[in-house]
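Okay, so chain A shows up in both of these, paired with chain B first and chain C after.
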Partner chain A sequence: MFESALKGFLEGINHFSAGQAVMILVGILLIYLAIKHGVEPLLLIPIGFGAILVNLPLTELMKESEIWNEKGLLRIIYEAGILTEIFPCLIFIGIGAMADFSPLLANPRILFLSAAGQFGIFLTVILALQLGFTKLEACSIGIIGACDGPTSIYFSSRYARDLLGAISVAAYSYMALVPIIQPPLMRLLTTRKERTTRMDTLKVSVSTPVKIIFPIVVTIFTCLIAPKGAPLIGMLMLGNFLKESGVVQRLAQSAQNELINVVTLLLGICIGATMSADIFLKETTLKIFALGLVAIVLDTVCGVLLGKIMYRFSKGKINPLIGAAGISAFPMSARVVQREGQRADPQNFLLMHAVSVNAGGQIGSVMAAAIMLSTLSGMGIIS
Partner chain B sequence: MDDNLKFGLALAVIGMGGTLVTLSVLGLLAGLLKKIFPF
Partner chain C sequence: MSEEKIIAPMVGKVIKLNVKSGDQVKINQPVVVFESMKIEMDIMTPVDGTVKEIKVSPGQVIEAEQVLLTIETL
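Presenting the complex of A and B:
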């Protein structure tokens, strides 16, 4: 009797594997990076804690079952929020409500430059395919180049569920590493003369009707071009419309605060819960991290190169550095451009131009994902 | 050329071209909005 009671008491320890120990250390590492270095703490804290929880033996938090109330707690949240794609879409409402497209609207032609910041997505897909990933897995990995966590989660939860944990962690980690990844590339690809290019002062004054109508125009236009992206772009623009309409401040405030906070918590812990040792500790995870880095490098390279083309066409009026801000990591990328510009010329102020491109990158990343979805649908790869 | 490479290249051309054209048109539409509603 005493022996069996002791066996039950120690059952968890008896089932503890080396892989689970490694994953618990990974969870602790994510929490450390979030607390000590401020790396995306809103996401990495719940992800790290979720990774610890799910790797403790016999907890059954992700237990699968045909019977609803026999499923694990995190499995229920995961199926309700991630497999249904509700969480990333709700996050987009919050992001839209927080986004300010005024700098972009002040200089709308610059939106063109934000497109190059998405090229890394598509180029990385080719590389991922060559490394043996399936078509849909390769597309989900390429989306890391959007530098947009919710889009990555939306895509991988639909088309590469086994890779969801690795793709999400890679996406958020690289977003936080933008200030380290981009500057050397920017310096490598531009001459000192190009970096010291001063641009005219940008007046960020846009009329209220423009700000109100813009999200409606974007929604209608984008959904006509790429209807499969409607959940992404529709929710992003709904959030922005709540804010800009000016008559539903309570809803806008809720989207910016309560909604996004609660969903971020649940989303983070569910992503962590997908990081069990048997799924995460594979060679595939290393490949995903390598490809994610390549995607962001290619985004930056393409953005700066298009900036250089615009520099030539504008006869030296556009600083090519602002091309690097065409990714969705807002406002980090714009700050990097400002810092690099001032490194070459301390009196050079590129911030507002970079913010314009960076705001365009927020729309561009979702647009690129929407176009990818519609293209895949057109090819008959998704229904 | 294998099927995967064909797929990747097709997606890259349509994806990058589509994103560039769509964002450029959106930029033009935003510019038009500014002209219709200057202040």
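Presenting the complex of A and C:
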């Protein structure tokens, strides 16, 4: 009797595989990066812990079943929040409530640069197709280039579920790595003279009516040209509208604190749960990480090159460095531009201009996703 | 002798003053730590000289182009 009882205890250990051990180490690595180096701790802590949990044998946290109450705990949360795309959309309400688009509104011509930051997405899609990914998988991977976590999750939970873990971890990792990836490219592509370009002081004074109307106009415009993007842009702009309307402080506060915190926790643990050894430890994961890096490099290159063109046309009034801020990693990318500008000329302050481009990049990445969805549906690939 | 005004490059908040009145400063020495949009940055003096007057204090919210301190150049 004693022996059989002991056997019960050892069962878990007997089922432990090398792959699971590797994935637990990956989980520990994510947690280490978050605690020791401050890499996106809000996400990597729950993701890392989820990755450890789901790779312990026989725990059945992600168990599938026809009968709903026999499903694993994390499976229930995953199906309810991620497969329905509710989590990323709720997160967008919070992001919208935190975002301040006034630097963008004060400086609208800069929107071109925010658009240029999205080219990397489309170029990466072409590359992913060449590597043999399906059209939908390729689009999901390309979105990593937006440096936009929730959009990546939204897209892959819908069209590339098996890649969800890899894509979201790649998206959040590269978002955190923006300060390392971007500066060498920026220096490589610009001359010292261009980097020392000083720009006029930007005074942000946007009237309240403009700020209130902006989210409504963007919603109508985007949904008309790319209706498939309505859940994303709609929720983002709803959050922003709550804040700018000025009369529902309680709702705006909840959106940017309680709502986004609760959803981030649940989302993180679910993404961790998709990182089981049999799904994650594949060559595909490495390809996704490589392509994600390519996407961000291409975004930066396109942004800075357009910045150089605008430098020419403005007769040296626009510093091409700000083009690098056209991605969604907010405010990391703007900070990088400020630092590089000041490095070339200590008296140079590009932050406000970079923040304008960066705020545009946040909208730009969602719009790029929306346009991609509408294109795919126009081509009959999705319904 | 002339006076150089150091102004805020954008709206934000003074985090820390690295110098006090009467201090000698060298060109490109960081004199004020400034924060805008949750991003901290140094403001450096564009000239050599002596700090004449400090017009702001840590924690103070600043408008763009507001004078932070003045420096007397030789």
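Here is the rule we go by: the second predicted complex is superposed on the first by the 383 of 383 C-alpha atoms of A that agree within 3 Å, B and C clash if a C-alpha of one lies under 4 Å from a C-alpha of the other, contacts with A are read in each partner's own complex, and residues count from 1 in each chain.
Here, a contact is a pair of C-beta atoms (placed from the backbone, for glycine too) under 8 Å apart; a residue touches a chain by one contact, two chains touch by 3 or more.
Here the structure is a predicted model, which means the values were calculated and not measured.
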After superposing on the shared chain, does chain C or chain B touch more chain A residues?
B
Chain B versus chain C as contact partner of A:214, first or second or both or neither
first
Going by the contact rule set out at the top, does A:347 touch chain B (first), chain C (second), both, or neither?
second
Should A:355 be classified as contacting the first partner (chain B), the second (chain C), both, or neither?
second
Is A:14 contacted by the first partner chain B, the second partner chain C, both or neither?
neither
Examine A:69 and indicate which partner it touches, taking first as chain B and second as chain C; both and neither are also allowed.
neither
With both complexes superposed on chain A, which partner does A:4 reach: first (chain B), second (chain C), both or neither?
neither
Look at A:363 in the shared chain and tell me whether it touches chain B only, chain C only, both, or neither; answer first, second, both or neither.
first
Inside the complex, what are the residues of chain A that reach chain B?
104-105, 108-112, 114-116, 118-119, 121-123, 125-126, 129-130, 135, 138-139, 206-207, 209-210, 213-214, 217-218, 221-222, 225-226, 360, 363-364, 367-368, 371-372, 375-376, 379
Which bits of chain A are touching chain C when the two form their complex?
100, 201-204, 331, 334-335, 338-339, 342, 346-347, 349, 351-352, 355
For the complex, which residues does chain C have touching chain A?
9-11, 28, 36-39, 41-42, 44, 46, 64-65
List of chain B residues in touch with chain A within their complex
4-5, 7-12, 14-16, 18-20, 22-31, 33-34, 37-39
